[in-house]
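Notes for the one structure printed next.
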């Protein structure tokens, strides 16, 4: 058994050195997602971005799904070893592994979505989705009849917690007495959990919902749809289509646009690693109201939301703050 | 010299796994072709990802194999004694949690002392986690198949609490622990992700092989697994002791795997540390007919399949889910084609163990 | 609706898929087969329900789910019963295959990036009169048709196991296969059918998850409910009525978890996630630990 | 001669390399008791399992009522009116009597209707039995009664009894045979498989002798004589019992005082009170009806069970030969060498400080093959590949290898043919001659009287020593003594 093993490994090493990876100088882009790209949210948005890079820039792209930290690091590393020029690690969890891998592969640019630190060739991509969630919260605060609003989160990750806090702050601005409730599902997969959480929150009196739970939130939409007086705000994508009668608006990250911006810059050469931070000002982050329900939102409230958006954009100096203040 | 029955048919022992692998690949090719992916580039990618370059071997194949081998060794031992441990997943997390806890506290220790201490912590925690089903079985007659399964869910909730609570990193934002200090990290092979855990796994495989083949206790353990009644009546041993000890050690090995993963690969605790090692480990052990050296080979096989699957996604655009089907087909072919693997399991699932 | 009623209603709703799957597993285990593949059968049922409902409404969804569960468990039955391969390992592999297949088919049918499927669901059907009973009425009798089906199936399973000669033969096959054979029970066939019934019910459980609970499909959405069902069977001592109570207990524990989170802050919610499993272990170690498993369970 | 009820013609059956049946013919007439006589392994059970659909023949024909039938499974057999009582109990221990009968008869197991039906069946057959009792909690005699009821439940006209008395004490065996005769009078034709000549001669109308898969002779019972039957069974004249070696009785090596041992799960009385001594050099017989504590006593002496009360002093190495060869006496998957290593534990010369010297163990196993005349290809062959007699020789060899001061044997001849049985008895006597104290339990009282120097009776948890020279009748009555239930039921 051992001898066979040794022979196999030796043979593989020999063969391996023959079939050396074609390390061309061609510009190639890799994407590593922490979950299924069929989630209609965080990961599928990144995949859409990758495809846009392929179509707009005419470069070769590749995608890998890696669910555990070990696999994620391996995936980043393998792309770099194969000579990819730009590799996206789609989530804060890639920060540590990107930093480790980058030291060995200085020629590759690593972009960590929702990352936090800049290294020589590691660039975090920060989406200030909370700016849009804040606007959604304002609408919710102004519209809530019960005075209770609810947030359904997947796992308590920093960007998700930020979005929750901004949502609550927005609602408070319109109604200081608002009661915020929240539930974390500890999963992004379990749709039924998303629905049960929403039903419990409805019982707690909530009539305005926001989420950041990817595909598990599909259950939240379902619960809201079945409850007569409740409304929900989408996250990451424009989710109006999930429940056209009940989605007042969505806090949107235009991932394709952001990915394309970064890739174009990298392809042009002279990419300087920095914190790429996108807020409302960039147009990558948007609060998209559902046009079908726009009429139900009182005009003064709409005006207040517009004003708030303008002032957030005005306050954004374009400087690349490392992290938005918490 | 009387032969170890496990080695009696050398050629035959290898034939079935290879056959199964062949059939698994054939099913993969068929599936790819029907789904519209050109099979040849996909297979080429599979090879590249698993064994295609020194880098693939050192940074993808071998690091992936380490936890699989360690867990497989433990499960193999437990099954031999007739203890059906399907809780390696939970024991792995218990080990990872303990190793992180200890590792974070040892920043100032010399590495030569700190690393073994970290591994030992994982070992002990896995053992303790397995002590619950062992105790429940021996004292209360609760089937370990059930209790180990239940404890997996508890461990998953526990690790989730740890990374958001007591062990959360110092800024209290990310659901992960602080990175382990350098002193608590297993040394890595320069320029690769391969770490010293492999050596530990190989040594343990060798030790287990010697234990099973050359020691009275190892032989008695196998006898207990084959027939607890005969081992008790003829051999004068206490089957429940061997049963419990095997369950404990098997948990300890899974805990050690958790420690080695934290200390050698991820350097921090995460709640999604395991992609299902505990269940793949069962396949690894059974596929090798519970033979410790065979487990090294089958651990590498499954690691190769998974590393290759990554490459199939990367280079050939094959969806990630395809690899689940391939693994399933390989396992099913083996249990179908190999009466010995079938029997190994049969003895192990005998819940009565009377 | 007050808090208690909401909680009880949620408990029954959450318990329904667990109960359906656990009932099926009870039958299989009573025949001596432990089928870890029901997690896969449930997932296949969920996808079947989604495909069926997309094509022809909720009823077709239910039918397709049952068929999908049946297909997956047929694979298990052939390998583990016909060829007598190890049941645990076969079940694990079958679940793995189901995860892969459902993912591939889902991506093929609805696109690689997924969609937020919104499926026609089975609505709530309050039973006239009964649903007015204070406290429990709403919880037990204002549910979807599949919950009532589950109640009915509890009675059916009980009747099948304890009141028919086929059920007697099935229990004999699970207790002592050799002796049952000597008494004229066609053990392999009985086990095969028991596994298929279990698969069909697991498929139905998937349907209830998709069509009665969430109205959508997502990859791996069963999230371990099949394994929980196995724990429920043990907790219920392999008896349909007690299994139903155990399923309700698990449902209640899960519902409680969400309720607590939405009302209490600062308590680590993971503690609630652990609760049902720890309680099951305690119960197993305590009074019900004496409940005997079928004598030949797991022996192929 | 009227058409036979059941006819088996030219039945052939092969298991791997051994030919179990080489074209056997057998016929059962209406209303007769037909004894099927033969050594173990002669093919008696296989022939009857074929008639009951449990085994499919490789060739030959089966006729019921003169019409050819194919019996695919026991269900089909039952439809033809055939019922069978197996050598071992085949009930489901956790089922009630009623449920067990319903299972065999294909009746729906619903409550009161079933209970009445079972009660009626039991009364008609003259075999009263509580329908609600759990099968696993019945005494051996009652459990055998249940087996017969199960066989009769489907209106059986043909009853196949496979060594039905082997699990019964002498008096219950007589009762049972009386019952078979009563059933004949009600029109049930019976095949009685046995290897006991006396039994066949006592109740059968006709006797067929099977040897090595072939029918040697068949004829009316009145015209048979034991000697000719024995010759037909064995092929040669029966072996004469070896001359008894009388050893010098030495010191006390087993000393038990005021023992109380709880009964094993699933029935049995256990031991309530026992004090006795056994000396080196003597063979002591333990006479007891199944389930009267002999199992518990032997196991306690072997150190496998702890007494609830009292003391046991046992000197020197103890060897124990359990009743169930295949499940306790050895591990079939392991080789002879490995079984030897297992049985010797850490005291063996090849186990130094816990490390095993396999070559040394293998050499010793080879020597034992020769010394104990074990016919095996070599010490590396798996124990399960040996014949029953050779397996038992190997178990005895392993037991003797410990050089026991105390040898405990629990029915060490189960399933062995006459020659092998005689050889085992000889080994026990020789062990005593070499200075061991031998305590042996045999279900057959005659054999026990043959082999033992003195008898201890276990009845209802009490140990009663028999005076030397006590006769069969006294011992038999003592065995049943206070235990009325077994006889009356």
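Residue numbering begins at 1 within each chain, and the chains themselves are lettered A, B, C and D in the order written.
In this section, a contact is a pair of C-beta atoms (placed from the backbone, for glycine too) under 8 Å apart; a residue touches a chain by one contact, two chains touch by 3 or more.
Because the structure is predicted, anything quoted here is derived from the model rather than measured.
Undergrad: If you check the contacts of chain A and chain B, which chains show up for both?
TA: Of all the chains present, those in contact with both chain A and chain B are C.
Undergrad: Quick check: more C-beta contact pairs at A-C or at B-C?
TA: When the contacts at A-C and B-C are counted, B-C has more.
Undergrad: Find the geometric centre of each of chain A and chain D from their Cα atoms only, then give the gap between the two centres in Å, rounded to an integer.
TA: 74
Undergrad: Could you grab the centroid distance between chain A and chain C? Build each centroid from C-alpha atoms only and quote it in angstrom.
TA: Their C-alpha centroids are separated by 34 Å.
Undergrad: In whole angstrom, how far does the Cα centroid of chain B sit from the Cα centroid of chain C?
TA: Taking the average C-alpha coordinate of chain B and of chain C, the gap between them is 29 Å.
Undergrad: What's the distance between the Cα centroids of chain B and chain D, rounded to whole Å?
TA: Taking the average C-alpha coordinate of chain B and of chain D, the gap between them is 46 Å.
Undergrad: Which chain A residues touch at least two other chains?
TA: In chain A, residues 36, 186 touch at least two other chains, as defined above.
Undergrad: Mind pulling the residue numbers of chain B that touch at least two other chains?
TA: 157, 160, 164, 320
Undergrad: For chain D, write out the residues touching at least two other chains, lowest number first.
TA: Where chain D is concerned, no single residue meets two or more other chains.
Undergrad: Which pairs of chains touch one another in this structure?
TA: Pairs of chains that touch one another: A-B, A-C, B-C, B-D, C-D.
Undergrad: Where on chain D does chain C make contact in their complex?
TA: 54, 73-75, 77-78, 84, 86, 89-95, 99-100, 102-104, 106-110, 150
Undergrad: Under the stated contact criterion, what part of chain D meets chain B in this complex?
TA: 302-304, 320, 322, 327-331, 333-335, 337-339, 341-343, 345-346, 351, 354-356, 358-359, 361-362, 379-380, 382, 395, 398
Undergrad: Considering the complex alone, what residue numbers of chain A touch chain C?
TA: Listed in rising order, the residues are 36-40, 44, 47-48, 150, 181-184, 186-187, 189-197, 199-201, 203-204, 206, 215-216, 218-219, 221-222, 225, 239, 241-243.
Undergrad: Please output the residues of chain C touching chain A within their complex, sorted ascending.
TA: Residues 1, 3, 6, 10, 13-14, 17, 103, 106-107, 110-118, 121, 209, 213-221, 223, 254-255, 258-259, 261-263, 269-270, 273 of chain C touch chain A in their complex.
Undergrad: Hey, which residues of chain B end up touching chain C in the complex?
TA: It is residues 31, 35, 84, 86, 132, 136, 139-143, 145-147, 149-151, 153-154, 156-158, 160-161, 164-165, 279, 282-283, 286, 319-329, 331-332, 335-336, 341-342, 344-346, 348-352 of chain B that touch chain C.
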